[in-house]
Structure formats: structure tokens, C-alpha cells
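Here you go, one structure.
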Amino acid sequence: MSSRSAPSADQPLLELRSVSVSFDGFWALNDLNLVLAPGELRAVIGPNGAGKTTFLDVITGKVKPTKGDVMFRGRSLVGTAEHRIARLGIGRKFQTPRVYQNLTPRRNLELAVSGNPSPFHLLFGGLESPARERVQHLLGVVGLEPFSNQPAGGLSHGQKQWLEIAMLVAQDPDLLLVDEPVAGLTDEETGRTADLLKQLSGDHTVLVIEHDMDFIRQLDSQVTVLHEGHVLCEGPMDEVQSDPRVIEVYLGVETDDLDSVENIA
Amino acid sequence: MTASSPSPLRRWLPWVLIVAAGLILPIVLPPFRLNLLGRFLSLGIVALGIDLIWGFTGMLSLGQGIFFALGGYAIGMFLSLDNLEPGKLPEFFDLYGVKELPGFWQPFASPLFTFFAIWVIPAVVAGLLGFLVFRNRIKGVYFSILTQAALLVFFNFFNGQQKLINGTNGLKTDTARIFGELVGSDLMQRYLFVITVVLTVGAWLLCRWLTTGRFGDALIAIRDDEPRMRFTGYNPTTYKTLVFAVAGGLAGVSGALYTVQSGIISPQFMAVPFSIEMVIWVAVGGRGTLIGAVLGAVVINYAKSLVSEQLPETWLFIQGGLFLLVVTALPDGLVGWWRLGGPAKLQAMVGWPPRTATYPSLDLDPALRSEQGEGKP
Amino acid sequence: MDLLYETLFNGLAIGSVLVLAALGLAVVFGLMGVINMAHGELMMLGAYTTYVVQNLFKEGPLEALFPIYILVAIPLAFLVSGLAGLLLEKTVIRRLYGRPLETLLATWGVSLILQQFVRSVSSAFMVGLLLAVALGVLFPLFSPKGLWQQRWTPILGVMSWLVAGLIGVATASALGANRALDQPWFSARNLEVSAPGWLRGAIDFGGVTMPTARLFIIALSLLALLAVNWFLQKSVWGIRIRAVTQNRPMSDCLGIPTQTVDALTFLVGSGLAGVAGVAVTLLGSVGPNLGGNYIVDCFMVVVLGGVGKLLGTVVAALSIGVLSYVIGSGSLLLVWPGMPAGMNELITFFATTSMAKVLVFILIVVFLQFKPAGLFPPKGRLVEA
């Protein structure tokens, strides 16, 4: 369905143009600009309340921007229903793992594996064997084969995280939005997740939101820092980490630097 | 769900029993009991629909009586018009001084139209109502109370329109004739019983087909996490509307069968308590299990008719208690309790642990048991 | 012009009954997300309480106070319904927290039991019931503790309640042999509550006659509204209730006793139903089916008003009341006699109380197409995906 017509090199895959979102006068996003090139891997960090999740909500259509525009392959997403945006090729993993509790991991993946989402297709069309193999392969990749036939509600937190990541991969979107993929995972699992996401970039465009700085460093990608609904700075991890503004935001404000903070706001 | 390949005997036995029951019961049961059983079985069809929308998709409708009664009125209108002398109107119209048949009655003179109207009209009404509600993402208790309000509205409408549909009195069907035979006669009732058995099995097969494949998975996924479905590219509104329409169509068939077997269709079929009662049949039988819905409908209604014959004033206490009991103590219903190992737990409580061949802890571990395969001694 | 005022007044009167009836429902729904299907039956209990109080004041030593019996009935009805609601919360609803649909079904079961209770209750019945409950509750307290720590304890529990129930039934039927004890208190009949004289008159306001009973109801609902508003906004427990409404886990962490808050809210909400029951006795007779006549309208108020604010409940109740009256009485025909024939026919078609409900419901569904979350939706990011 999501035709992967190679976009011209200079056309960005995703572009947020001065997007602002207001909840009853509270500006969760404030004049946010961001451009993602096709095939890029991008990490987004920011302190709590920086608007990271709202930022994903705006892209996936859950929240309508109060001002500004979201462009995907040169086409505006504002006002498009969530499921249509998903069909255009944008997939999302949630902050807390959300899998279908009463279905087995296999069935979870079978629903996610990309195909025709119409009810009549599900009723009359079977699952093609490439899709079936893909599901089997993904079960192996995330190590859920032994549990593939018991309800997903009984999986551990880490297993649910992996299952949801597998579902996202099964969906095969052009743009993967991944919200805190390694919360509650062990160090080894974190490393494997980083490898998986790096592998996916190139073919896919991946945007990761995380708090875990070690993980971000493992991703070895461009980092965008959000603060108060606004892009504070962008660049490689090392550069971002030594940026005085970022240190202020994360570690608190030293009194003699107050005027520089006001410049940011 | 559990066993991969049951033995041929286990697989075919239920069918043999059903066919045998369908053939033998009409001969051996006295007409009164047979008629009761037929009525309760037809209620099983509406229960199947409720199981589909509530047990699988998670939408609790308190208004299935609307669709049930629409199916009943469709057949009732047909039977009122059938065998009329040309130019005459059904009797009740005279009482209100109506001289001309209202327009919407006209097509019901045709058996073919009625055959489709019984299930298409309820399905379309359900689909329309459902679409208007689902597209605004109204769900949970809001959906429940809106369906209940819709039910009351339909009740008021049918109850108040004497000149159109004979208001409170409803339409009588047992004195009408099909193929020259009285609908209320014993012979006709026997045929109707067999038709009911066939249609109940058909409805069960339809629901089974809907719930076992990927479509059924989608329904359960909507129940578990509707927004997640949306972000995967599915449009839950379509699914919910479709399945609500199917449940409405089933309710219509159920209502038509119930009407011809009870002899009357009246707005009482749209009374608020009756529609909630339907939900409790499914809850007692076991929501999410199709056979439970049918069983629940038959068992509870049979119990109701027994109790109402003996101690009518206690029925509401029993029914109320049943609501409380099933919700607090038996959330999976009888069939669910059975399937989830309820009898074994009860046994263990009394002190006879289930027999185990090796280490009990290993044998009781579901993960290991599924690998060993079922059916070993 | 007088006609317009009269229509408005009557609509307001109907609306204010709805405000009273729906207020408790909305408070409970807002806090716990629970729809109490037994709300109508709690109103019914309030109405029966009024009937009992009226009988007490009719003759005997309190006869002189008959004109103000209704002022006694209001707090008593609040108490009776409130305590019944509290019992409901403690025994049933607490177990079902987080399962709103199951709660709905369970409370429906309770409503059936309450309906049959007022039909069946007699002295013998009451003695049997109290005996059964006493036995069931006391047995675990007065039997060896060891019995209650076995693996078969659940079966013992069920059995002991069954036996207690059977003893209760046996006692009730034994006592029932005595005619006086078997006499039902209320029976299934509809009972008339005679209002005191001052509530049976009417006051003339410049050509518009307003029955005092309706004025009283308007005043009562206004008072109840102010009281609830004060309670929620100013009292310590009200503030706790609002805190739990907004964020339950956080309130729990901050040391607010959320269970007590739930119980209290249910008590207040149910008590308000009782007060509504008093008001309803002024409009018609009292019977076991009284609750069912109001409950669906109350639900519509909650759906239309949204759960954000009390104001939503008030506006929704008043609009539904006024609309129902205007449509149901067909007063538009009188206001505008020269309207086109087609419109005239349409209005006549809907000009009965029950057909007005049909039209009002259709209007509500149309309204929800534009504002799915009601008139005053909850604001901010709390709204789920």
C-alpha cells in the first residue's frame, strides 16, 4: 500500500513547519521546526515536559496543531485521520508498551504486518505466505518464538517492548516513530535494540525519543534537543552534550546565566 | 483454541447430537414444551449477536431489543397482510378509522421482500445508528446508555402510533395462516422448531467464521486497544459498524422466529429490561464463547419460565442476584469457567487434587503442558 | 407573551426535576466513571420515604405538623437513599472498580432487587431478611478461626450464606402464616402522597399561574445545586473529591483516602437521588416503577452535559426539560397559529410526552455529531486517545 517511490534527494520525508500546540493556553509545542531526510536516523531528547510525546501526537494525527503545518513527502498531514496517516507509511511505538493483551504475539504481528486493512480483506483474503514468513522471522528476531501461542498480556514488560517494536517493523512503514524503546530493558537488550534501529535506518527513516543517554550514544546519530516545545539545538551527540544551553536545561540554571536563558525563551 | 486436532468422535459428536435433537425433539416433546424450547433457542440467536459485539469487540449494547422487535414487526406485518381478502385492511385499522393502508406497509405483502426485510432492515438501522455513534469515538458506558436511550425512543414510537402499527397492542400472528396452515397450530410450530434449530446453527457458524480468523483478531484487538489499531492503519469505525450491523441482523432473525413462536409482536419486546436481560444470558453463559451465548439464553429462559410458573414474585430477586453473582464471581460465565479449569479448582478446594502422572507442579504448568501436547493419559 | 412565560416556566419545572435527579448521577459518574443503573431506584426509595413520613404526620401526635412534613422528609430521604447507596458501594461497586460495563450490569441487578423489594416487603419478609443477613455476617465471627483458613473456605462461605438464606426464607414463610405480619407494606400498587395544602395552590404572577409545587421543586433544586457546589468547591472533602476526580493515583500518593472519598461521593450522589425522590412525589404517584421513568432522561443529561462541570449538568437538564415540554405540549402551535401546514402537521405528530422524547433524542444524537464530548467536555490532556 505505501508505495515506496523514491523521493527526490532534496525533498525531506517529514517536515514540521513552525508547529504550535496549545492545551487550554498551555503551549506544549511552540513554533517547532524540524526536517527529516529520507533514510535518516534521528534521536530526540529533552527534559520532562519538553513536548516530546505531543510532538509524536502531532505527526500521527492524534493531536491537531493549533498553528503550523506537518508535511510528509510534501503533503500536509493536518486534518488527516490517524489510520490514514498510518496507511501513508508512518508507524508508531508508544511510550508504555501497547500490545493486544488477549491475542498471542503471533496474532499481534499478523495484524500489524502490512497488507490491506479493510474488514473484507481480513474476512475473505488469507495471509500470504511471504507475510507469514515475515511474522515467523520477526518472532525469532525478538526471541518470542517460545511464547508465540500464549496471550501477550502474560509477557514481561521487556518482552512487550520487544513485541511492540517487532509489530512496528512488521508494519513496515517508511517512517518509524519510536517512543522510549528501551525503558525497562536490560543493558544487553538495549544494545540489541540500538543495533536493530541502526539496521532499519537507511531503508527506513527512524525517529527515536529516549531519556537513556547511553542508548542515544550507541545510536550514533544526529540529536535534536527539545525544550519547552521548541528545538533548542541540533547536532551530533558530543556537540549537543557540550552545548551550554543543553547543560542548563538538564542541570538547572546558574544564576549568572539568567539572561542567556531569556534569549532562548 | 487449545487442542490442535481432537479425535473425529469428539469433533463430530456435538453435530450428531444437534441433528438428532433437531429431528427427535419435535416428535417426543409435548407441543407446549417444544414451543418453549424453540422460543428460547431463537433467543439464542440474538445472544450470539450480543456476544459478537460485547464479548469480542467490547461494546455493551443495551438496545438490541430495537433490532429484535424490528425483525418481529417485519414478519408480523407480513402475516397480518397475508391471506387478507382483496381490498380489506388488517382488523385493527378499523378501530382507529384508518381507511387506507399506510405506505410503509405495502411492500410487506410480498413474502420475498419480508424475507429480506427481517434481517436487512435491522442490520441497516443498526449500522446507521452505530456509525453515527462510533465515528465520534463514543464508547464504553456512553455507548451503552445511548443504545438504551435509542431503545426507549423506539419503544415510545411504536407504543404511541396506534394508527400506524397498532400501538401498545402489537400485532397478533398466531391466528394468521401460511400455506393454509394456522401459524399457531402444533404442526406449524413443529416446522418452526426445526427452522429455528437450523437457523441457530447457521448463526453460530456465521459467528464462528467471523471470530476465528484475522477478522476476529481485529475485533479482539479493538476491544483491547482501539487507538493502537488506528495507528496500525485500521479504521475501527468500519469494523465496529460492520459488526454492530451483523449483530442487528441476527437480532432481527431472532425476533422474527420468536414472534411466530410466541404468537404476538408488541412494543414490549423493546422494553428496557428485556434488552438488558439479553446481556445477562450472554454473561451467564460466558461472553467470548459462542456456545455459551446460546446455552445462557436457553438455560436462563428455561429457569425463568419454571420460576415464573411456581413463584413469580421471586424471579426479579433471582435475576438481580444473577446479575450480581455473574459479574462479581463468574466474570467468564459458565462456559468460560469450565474452559479455564474451574471444575479442577473446585475439586482441589474440596481436597481431591486432579490426578497427575508425574511431578504435579510440572503437570500444572501451562507452558510445559502445551508442549507435551494434549490428550495423553 | 404570557403563553411564552408559562411554557418556559413549565419547561423549567420539568428541567429542575431532571437537575435534581441527574445531579447525583453526574457527580458519581464524574468521579468514578461509574453509571449507577440503580439511581432511579434510589430515587424511588426517597419517594417511599416521603410516603412513610407523610403517613406518620397524617394522624396522631404529629398531626399539627403535617404542613411541614415535607421538610422532615427531605433530610430523611437523603439519609435513607444515601445509606442504601453507601451499602451498594461497599458491597458491590468497590469490587468492580475499573470495570465500568460490569458495574453497569451489577447496578442493574441491584435495581431489580430494589424494585421487587418494595413490592414484596412485609414485616415477615423484613424479619426473615434481617435474620439471614445477621446469621451470614455473624457466623464467621463466632466460629473457630481455623475454619476460615482452609482451602475449602470459599465453599464454606457460600454454604453458610446459603444456609443463612434458607433459614431466613423459612422464618419469613413461618411468620407469613400470620396475616398481619404477611401484609405487604407498600405492595405493587401506586401510592398517592398528598402534598400539604400550601403546595397544592398556585401563585399568580401577572397573569401567569405558577403551581406552588413546581415553584417548590425549582427552589429545591436550586438549593441542592448551591449546596453541592459549595460542598465540592469549599469543603475539605469536596476538594479531596475533586482531587481524586482529576488524578486518582496522584491523590492516593498524597495521602488522600481515595476509598473513603469514593464511599462519600456515592453517599452524597445517592442522597441527592433521595431528595429528587421527594420532589417527584409532588408530581405524581409513588410506585415500584418510578425509577425507570426518570433514569434514561438522567443518562441523557449526563451524555449531553459532559462530565467536566456541574454547569454542564444544569444546562443539559434545563434544555432537555424545556425542549421536551415545548415539543410535547405542542405550544408552538399556539404561539404561531399561522405556520405552514406541513410544519403544523409535523409538530402535531410529536406533540405528546412520549413522542417529544423521540424528537429530543434525535436532537441529542445530532448534537453529539458536532460535540461528541457533550456541552462542557473535560479539558486538557487528560482525554484518552
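Miscellaneous remarks
Order of writing sets the labels: A, B and C. Residues in every chain begin at 1.
Here, contacts are C-beta pairs under 8 Å (C-beta built on N, C-alpha and C of every residue); 3 or more make two chains touch, one makes a residue touch a chain.
Bear in mind that the values here come from a model prediction, so they are computed numbers and not experimental data.
For this structure, the chains sharing the highest number of C-beta contacts are B-C.
Distance from the centre of chain C peaks at A, each centre being the average of the chain's Cα atoms.
Put simply, the C-alpha centre of chain A and that of chain B have 44 angstrom between them. Between the CA-based centres of chain B and chain C the separation comes to 31 Å, rounded to the whole angstrom.
The mean-CA centres of chain A and chain C are about 48 angstrom from one another, to the nearest whole unit. Residue positions of chain A touching 2 or more other chains: 62.
Counting partner chains per residue, chain C shows two or more touched chains at residues 385. Looking at chain B, residues 227 sit in touch with two or more other chains. Interface of chain A with chain B (complex): residues 1, 60, 62, 81-83, 86-87, 91-92, 94, 98-103, 107-108, 110-112, 114, 117-119, 122-123, 127, 149-150, 167, 171. Considering their complex, residues 29, 33, 35, 92, 95-96, 100-106, 108-113, 115-116, 119-120, 151-152, 154-155, 292, 296, 299-300, 302-303, 352, 354-355, 357-358, 361-362, 364-365, 368-369, 372, 384-385 of chain C touch chain B. Interface residues of chain B, counted against chain C in their complex, comprise 54, 60, 132-133, 136-138, 140-142, 144-146, 148-150, 152-153, 156-157, 159-160, 227, 272-273, 276, 279-280, 283, 313-314, 316-317, 319-324, 326-328, 331, 346, 348-351.
For chain B in complex with chain A, the residues that touch the partner chain are 210, 213-215, 217-218, 220-221, 223-225, 227-236, 238-239, 242, 366-367, 370.
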